[in-house]
Structure formats: structure tokens, C-alpha cells
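Should a chain be cited, it is by its letter among A, B, C and D, assigned in written order, with residues numbered from 1 in that chain.
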Amino acid sequence: MKIAMLGLGKMGGNMATRLIRNGINVVGFDMSSEMIAKLEREESLIPASSVEDAVNQLEGQKIIWMMLPAGEVTEKQIDDLIPMLNPGDIIVDGGNSNYKHSVKIGAMLKEHNIGFMDCGTSGGVWGLDNGYCLMVGADNDVAKAVEPVLRALAPNQQDGWLHVGPIGSGHYTKMIHNGIEYGMMESFAEGLELLKGKTEFDIDLAKVTELWRHGSVVRSWLLDLTAESLKGDQNLDNIEPYVADSGEGRWTVVESVDLGIPAPVLTLALQVRFRSQEKQKGYGYKLLSIMRNAFGGHLLRKKG
Amino acid sequence: MKIAMLGLGKMGGNMATRLIRNGINVVGFDMSSEMIAKLEREESLIPASSVEDAVNQLEGQKIIWMMLPAGEVTEKQIDDLIPMLNPGDIIVDGGNSNYKHSVKIGAMLKEHNIGFMDCGTSGGVWGLDNGYCLMVGADNDVAKAVEPVLRALAPNQQDGWLHVGPIGSGHYTKMIHNGIEYGMMESFAEGLELLKGKTEFDIDLAKVTELWRHGSVVRSWLLDLTAESLKGDQNLDNIEPYVADSGEGRWTVVESVDLGIPAPVLTLALQVRFRSQEKQKGYGYKLLSIMRNAFGGHLLRKKG
Amino acid sequence: MKIAMLGLGKMGGNMATRLIRNGINVVGFDMSSEMIAKLEREESLIPASSVEDAVNQLEGQKIIWMMLPAGEVTEKQIDDLIPMLNPGDIIVDGGNSNYKHSVKIGAMLKEHNIGFMDCGTSGGVWGLDNGYCLMVGADNDVAKAVEPVLRALAPNQQDGWLHVGPIGSGHYTKMIHNGIEYGMMESFAEGLELLKGKTEFDIDLAKVTELWRHGSVVRSWLLDLTAESLKGDQNLDNIEPYVADSGEGRWTVVESVDLGIPAPVLTLALQVRFRSQEKQKGYGYKLLSIMRNAFGGHLLRKKG
Amino acid sequence: MKIAMLGLGKMGGNMATRLIRNGINVVGFDMSSEMIAKLEREESLIPASSVEDAVNQLEGQKIIWMMLPAGEVTEKQIDDLIPMLNPGDIIVDGGNSNYKHSVKIGAMLKEHNIGFMDCGTSGGVWGLDNGYCLMVGADNDVAKAVEPVLRALAPNQQDGWLHVGPIGSGHYTKMIHNGIEYGMMESFAEGLELLKGKTEFDIDLAKVTELWRHGSVVRSWLLDLTAESLKGDQNLDNIEPYVADSGEGRWTVVESVDLGIPAPVLTLALQVRFRSQEKQKGYGYKLLSIMRNAFGGHLLRKKG
């Protein structure tokens, strides 16, 4: 079997590698010719000089797997692909696209008789060795056609991939997955902050997180990683107190609003990240401070 | 009528003044003899050289009104007062004590046949002119005896004071009042932050808060004060983004936990203040950051 | 001065009335001819038999004020109006439209040389007597032309209306206003629930809310209304525990997500309403319950 | 080695069993003689006819491990034990006691020269087979003496037990562990509710939770259990939407308040449970509803 992989970055490159190691031939293209060369040299990737070249190197029912930045880049790539493909060919969007967008893309491609799969992909940098968790939205015939690729990417042929439902349901499920991830991360962060804040007990966070990995109710992969990360300097003096966020955490909150279903913890986990990003430099705090001053005559902390 | 006022600070001093201006004689004592002298000179306060002296200058059923810092100072003062008083005399705690404490104090004083009133007092620095809002917990006879004082402190003789219920209920009601105050302040702060964050509209917050004072659903005294405060520099460049909190906001959250009744907005309003105080310098954010890095290979923002 | 008012429901009807009483002639149209007849009879409204008829009864620079349900109805009405109007005429959307929509409408109408104003309107059923709070987004010449109407609707000619900024900023400001309103309402609801939950104090909520109206920090129009509402049966036994929500509360949360500015209290106030609506009949609670059972062997509460 | 186990319920009984199977002799007592008899018959527990009898069957440095309900029962038992023990003997509280209490107990027992260990125990009904995760607060000599017991209870001799720090730190760490557990559970519940609420995708929650167990970022023991629990009827029609809570979730929130360190997600996860318990039958919702009605003339939903 031979497919094309567009985008050979942190995710796409590793996925191409895992596919090749599991017996799938991969024609690869990336804006960086260096990435292509490296994978050709080390993993027998079949190099392509352009997207068109990648497509042309496939035969029969062509499967184009995209691992590109969500949004404009992905959309543009799909538009460009349409004239290169034949009816029955398949585009897989394995990136972090908004599911609403995937629903639209799928409908548009259907008019061109091109199959579409939205594949939510979890596993991060560990996926190469551990396998990826794949949440798939697609029509049945498309899911069937891509199944060997999904099996090769998943942790084992059986587990770790699922045809969740119609087009859009793959990215929807991945979005919710990431929302849950935010909530879990924040749960750990808050708990550990309370442990550290109890200075009279002088608790060793590296040891406690390692401890919890064995037999406790909170044992989890995130805990495994956290325990590992705390083994060096647990004071984290050199880390900026800044947490980025991605589309999926935000979309989960918007979905909660759209559905009218409360998701307070997932929402707050996102808002904590906003707070860390301090786009307004504490303006809200300052407002509270001047209000207190106004009614209570409380002293304002002035700068300088 | 003549009562003693212990504590002549920002609150006690103004309350003594309002009482005197409304025809109640006030014997006043404070650790600062300067405060006593000032009120004697400007408002005809009857000075006392000590707590004992203040008590001794009263006749008949003595009423001792305390405006002292909650906690140890208030407790100590009550212990000291007991031997100076006669059965039937009354101690009023007008400070921000924990209602649980007031219930205990009331029971203890009952054993000495000394009456007790817990009086939650709202109004801040504006109370002198506007009158105070007084939430009273006491036995009926005690409430009856202190009523003329309450009338003199309230905005008018009729409104702004209430015998809420038994001992403890006054401070309980004040505690909840402050919890609500936290929620309202945070509501305004968040809304205004969103107005300011919409930079393309370049909205003048001073003008909008002034606008809302007229006919809108959110018109309120807090809005009046906020509008006034924003009239100068609305960028608040010189204000530290730090918001203190007091016992009552915290006790409200603990009460919610004790009763098993959710109060998510009041709780979050408190936690936002904690966040501003940054006791752990963003340790929680750093934890989130290293977790992201661990599973996703996301770049850490390192300092320096 | 003569303008047209389209939509004579709870809001539009009262606004037409207030305008007429303040010397503005109003040509009115509504789907309900009964409403038109009533206002004609009682308030000298000039009746129109259709939107076109309403427009045709105006002279010079025509001002069409719409008080229609946000969304499709409003959009459709604007589309229909375009061919009836001349360059320089003005459409005012006084309803609760999404500000993003208003920005688009404004740009579209500009292509037809038709002026547009988005006017956020607060004041509810009390606006007729008290006046409305009007938050206006518009170009300067449009704002100038409509000013006499704004003055007549506002609590007094001076206060209660503001040209906030460009098109969209009016509905944006109204959206944030409603977000704040949600937070304030929830703050009161939580505080009062904690008062009621302290059964040993048997606190009279009607009396306490009335008390707080005088001199307290939380005094506000919402408190005035709440105190009034609790004067009858404060147990609310006959009220369904269901709270509807409107577009603006939801859009405020989405805006917080879009801007990356945290608004946790406004968000939670919305989510509490979602919870009351119980779209999934406690499914989340059930999930928690089966998890507890799974690890702890805790008894499940089964139905029946 | 021989120790006494007081309390042979769900936790204590399984722990006694695990100890016996790992070569520790256990003298057991419980209020239910049936439990004692069962464990004597099936697991060679050494039966005791009373607490005193249990203590008397030990030799040398006696170790009494208590698995009793936190609070009064545990306190009373400790008081009763004191006269039965000799200097150097050790009491272990393996239950879910408040760490503040454990600190006090430890100090009190020190006056009697009796050693104390607070041991937070996680693992639930699965601990018998998987081993328990043990978080230990104790002086060094006490920890040393009890170590063989800890090793036998833990998943393996090396991992799953930790001498965290001084007396109190064991229960403190367990408290935080449970706080995190609440946050994780709520994260999953919210995410799954959003999956289920997206009815057009008709997502199979049993399959998705099973999927996520393989390679995803949220894989965890809680997910394992959830996936298993959903394999039958995922509609949960027969489950009451009621979630109990325990002391530790509540104490975590109080600790956050005491330390002034925000823990919004852990707090909300608790409050969601309060909400499910509906102590006030939606009174807060009703208040919101009458407020809306008061200012907006919105229709109230009345019962019946």
C-alpha cells in the first residue's frame, strides 16, 4: 500500500516514519526539503518535489494524508488538491481542524466525488513509539479504504483507532478529548500547587507524583509525564509562568455554549491559561482594587 | 443616651461622629490619643483615658460598642470587659467577626448575664454622611435596648437597620453581604476588561460606566463608585494589579462547603483575588507548561 | 420630528409610547394589528398598514427604528427595507443583535448609502417610565441625526444615551452589559441561597434584601427588584427552578474565548442557567456516580 | 511480624487480607463478628473478641492499624487505646481523617510516648489485588517500624508507599490526591456529556472511552474504569443523578481558602456535586427566575 503524507513536521514526520516501519509506503512532501531528505535517508520515505509530484506517484485509489496547521493552510491545500485528484480518491485531514470546518469540507469534496476523513490524532511526540490514538469521522467506504493506514498508526492493529461516526465526528471527538486533557492538567496543577504551598510539610513533589503512579486513583499518563518532569528541579525557577492554549480547548467551550450544556471545569481550565497569558496586564485586578478603595477607603497599592 | 465606642479608626471614628451628630452622647477610647483628641475637639466626643474609664463614665444599663479588628483583638477586649460590667450591660461587636465566633462569645457572655449583639456594618467611608446598613443578631431585649443607637447610625431612623435574628445572624448576614459584594465587583471587573480588550472599538470606560448609571439593569452603588473612579486615568497605569481580600469573602466560601450549597461565582470571585496575590509566583502555570512540553514537545518559555 | 417604529411588542410598544409622550411623532407597524390599534387609540401612534406604508409616511431623511427579534427576523426586515429607502436614510437596530452581525449589516448598508445604527437598549419593562439606557454604535452623522430620538428615550435628555463608537460598538457594549447582569444576578442568588440554607437563623429574605437597599455596598436596582419580588411568598414554591438565557450572555462567553481574556464569573453565571435547563437530565451526575462506584465500590443510587 | 487491624469493612478487611497473603500476621477486630469469622475462615485472620483482646495478642512494639470512619469514631478509639498501650507502641490511622486532626492527635499521643502515623490510603476496592498507594506522615522511627507493613500493602515492595514527611503530611497528601481525583472525574464527566449532547453524531461513549485508553493523552485508570462501566447501558437510565461527596474534597477547598492559593477547578468539581444533591430544590434558580421576571417581564414558569 502507498499513500502520500503532506506535512512532515513533529507530527507528520513521526507518523510517516511509523507507517513506513509498519509496511506502508509513504510518499512525503514538506515545505522543508531538509525534512524530506532526512526521512528519505533514515526511513526510506519516497520523496516528492511538490504536492503534485506526491499525488502523481500514487496509483489507483489515492489517499492523501495531511498533517498541516489547522485553518487557512489546511483549507488552501485542500482547494489545491481538488484538480489533482480523481473521483473516489481520499483526503484525510489528520490535523487539529475545527469539526464544523471539517463538516463543510466534507460536503464540498462530496460534490467533487472526493472522499474525506477527519482524523483526530492524539499521542504527541510519543506516538512514534507508542502508536497514535485515532478518532475518525468518515463515510463507511472511506473508513474501510483507509483502515490499513489507521491500523499501522495505532498502538496495535486492533486498538487505538475508531470510526466514530459521520464526517466531523472525528475532529469533534478529538476536540472533546483535548478539553478533558485541559481539565486533567489543571486538576494536577492545582493539587500540586496546594502541596507545594503547604510549606511546613516541605513535601517533595517529585516523590509524591512518582508515588501516586502506583495504585492510586489518579494514576494516568499525564501523571507519569509529570512525575518524570519534576525529577530535576522541581522549583521550576527557569520556566516562564506562561501557558499557551490551542484551538481545541477554545472550541470545546464554544461548543458548551452552543449546546447549552455546562462544562465549568473545562472552561475554567482554559481561562486559567488566558490568565497566565495576561493580555491586559492585570487590568481586571486594578479595577477591583480601585473599587475597594472607592467604597472602603482601602489603600491602593501604587507602583514605584 | 450615652454609650461607649471602643476603636475610633476609619469606621469607629465616623460612627461615633454620626451618633453624636444625631444626639447620642459617645464616650470614646482608642489606642491613639490623637484620634480621641481630634474627635473631642471637632465632634464633642467625651474622651476616655482607658477602656475602664470609658465604661465608668456610663450609667444605668451600659452599652459598649466595639469597632476593633476581628479576631484576637476583639476577643481579648471582650475578656477584659467582663469584670468591668454589671449584669444586664451590653457589648456590641460591630466589627467583621466570624459569626461562629460571635455565637460562642454570645453564649459565654450569657453565663455572665451580659447581653451581646453582633452587628454587621456596611457602608464604608461613606457611612458618615449616608448612614450605615446594620445587620443585627441579638436577643430581643438587647436589640430593643440598642435600637436608638441603630436608628441614629442608619440612613434614616426607619430603614437600614434590622434585627435579623438570634446572636450570630448579624455577622452571618454581613458575611453573605460581602460575598455578594465580591461577586458583583468581579462581574463589573470582567465586563469592563472585555470592553477594554476590544481595542478596535476604542471604548471609553469612564463614559460607558457613567452611561449605565442611567436606566440600565446594572445600575448600582458599586457602578456609581466605579464610574467616578474611572474619570481620571482609566488606564490605571499606576495601580498595582493586586487585590486584597478579607475574612468575610473567605468565610462565605467555607460556609458554602459546610452547608453543601454551591456558590461558584462567589467562590471564583475570591479565587481571582488569590490569583492576583500570586503567593506562588505562577507555580501552577509552570506546572501546566512542563506538562504540555512533556507530551507534546511544545516549547517551554524559559526565562532570561 | 417623525420616525417609524417597526415592532410594537413589550419593548417597541413602550418605546413608541415614550417617544410620543416626549414630542416625537411615531408611525408604527407590527404584525399584530391589535397592538397598532391600541397604541393609536391610547397614545396617538400613527398607524401603518405595512412596513412600506410606514416608510412612505416619513419625509426627508427617514429614520426606521426596529425592535424585532434578533437573528433572521431582523436580517430579513433589513433586506426588505433596502429598496424602500433613499441614500442618507437610516435604519436603527434597537434589538439584541450580535455585534458581529451589526458590523456586517452596517458595511452592507453603506454600499447602499444607507446609514445604520446599532443601539443596545436596556431598561426592560420599566423603561417606559424611567427611560432607557441606550448604547449606540454609529458613524458621527448618523448619531447626530438620531440624537433627538435618543434624548427622548433616555431617562433625561442628557444622561442615559451614549455614542459609544463605530458601528457594532453599541451592541457590543450591550452584550457586555448583559454579561455583567448575569454575574450580578447570580451573585445575589448564591448569597440569598446561603442565607436561606442557614436554617437555624431562620432569616427573612424579604426583610434582609429590603435592609440592604439602605446604605449597604450591594445596593442596586437588581436588589430593589429582588426585595420587591420577595415580599409575597419568599419560598417560591410555585416557581419552576428553570432559568432561561439569551443570546447576549452566550456571546459574552464566546467573546471572552475569542479575545483570550478570562471572564470566569460571567461564564459560570451562564453555565448555572444551563444547569437549570437540564438538557441531559443529569447525565453528567450519573457518570460521576458510576465512576465513584467503579473505584470505590460506593453504592449507586438506583431509581425506583 | 504481627499487627492488629481495627475495622474490617470494605477497606480494612481487604487490607488485612493483603497483609496476611504477604506474610504479615493480623489480629483483627470489628463490630461485626461475622466479618471477623469470615476472614478467620478464609484468610487465617487471628480473631479478637475486643479491641483490648486484639492489643493483648500483640507482643513487643505493638502496631495498631485503624481503618475506621473518620471523625468521632476514630477519635474515640484512639482515646480508648491509650491506656492499653505501652510507651513506644504505635497507632496508625489509615482512614480518611482531616490532616489538622491528625496533627493534634499526634501531638497528644507524643505526650503519652505513643507513636502515631497518619497514612492516606488510595486504591479502593481494587487495592486487594493491585496493592494500595500509601501516603505516610510520621516521625522517622515510627515510619521505620511500620515499613514492613507498608511494603506488604503497596503494589510492590518498592513502589506505592512513601514517607512523605512529618505527622499530618500523609493525610494532607491524601486530601490533595482526592481533590485532584474530583477534578479528573468532573473533566471526564463534562467531556462525555458534550459527546453525548452532540446527538447528530450519535457517538458511542463506550467505544470512545475504550478508544482513548490506547495511546491518547487522557489515558488513565479512571478512564479504564469509565470505559468498563459504560459497556452495558450507556444511557444510565436507572442511575439517580446524585453524586455524594466526602470530607476530603471539601477540606481541599477549605485548604485553598486557608492558604490563599486558588484551586478553581477542584472547587467547582465539588460544587457540581453539591448541585446534584439539590439541598434547596433549585431555590437559587427560582431566585434568578423572579429577578428576570421583575426587570424584563419575562414569563415565569409556574408549576402545575
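Operating definition for what follows: a residue touches a chain if its C-beta (ideal position, glycine included) is under 8 Å from a C-beta of that chain, and two chains touch if they have at least 3 such contacts.
In this text the structure is predicted, and so the values were computed from the model without any measurement.
Annotation: C-D is the more contact-rich of the chain pairs B-D and C-D, by number of C-beta pairs in contact. Among the remaining chains, the Cα-based centre furthest from that of chain B is the centre of A.
Chain B and chain C have Cα centroids lying 34 Å from one another. Mean C-alpha position of chain B lies 38 Å from that of chain D.
With centres defined as mean CA coordinates, chain D is found 48 Å away from chain C. Within chain D, the positions touching two or more other chains are listed as 124, 186, 188, 190, 192-193, 197, 217, 221-222, 256, 259, 261-264, 268, 272, 275, 279-280, 284, 295.
Interface residues of chain B facing chain A in the complex, by the touch rule stated above, are 10, 124-126, 185-186, 188-190, 192-193, 196-197, 221-222, 225-226, 228-230, 236-244, 264, 268, 272-273, 275-276, 279-298, 300-304.
Those residues of chain B that touch chain C in the shared complex are 122-124, 127, 130-133, 135, 137, 154-156, 159-162, 164-166, 168-169, 172-173, 176-184, 186-188, 190-195, 197-198, 200-204, 207-208, 210-223, 252, 255-256, 259, 261-266, 268-269, 272.
Against chain B, in their complex, chain D makes its touches with residues 217, 245, 250, 253-254, 256-257, 259-264, 267-268, 270-272, 274-275, 277, 279-280, 284, 295.
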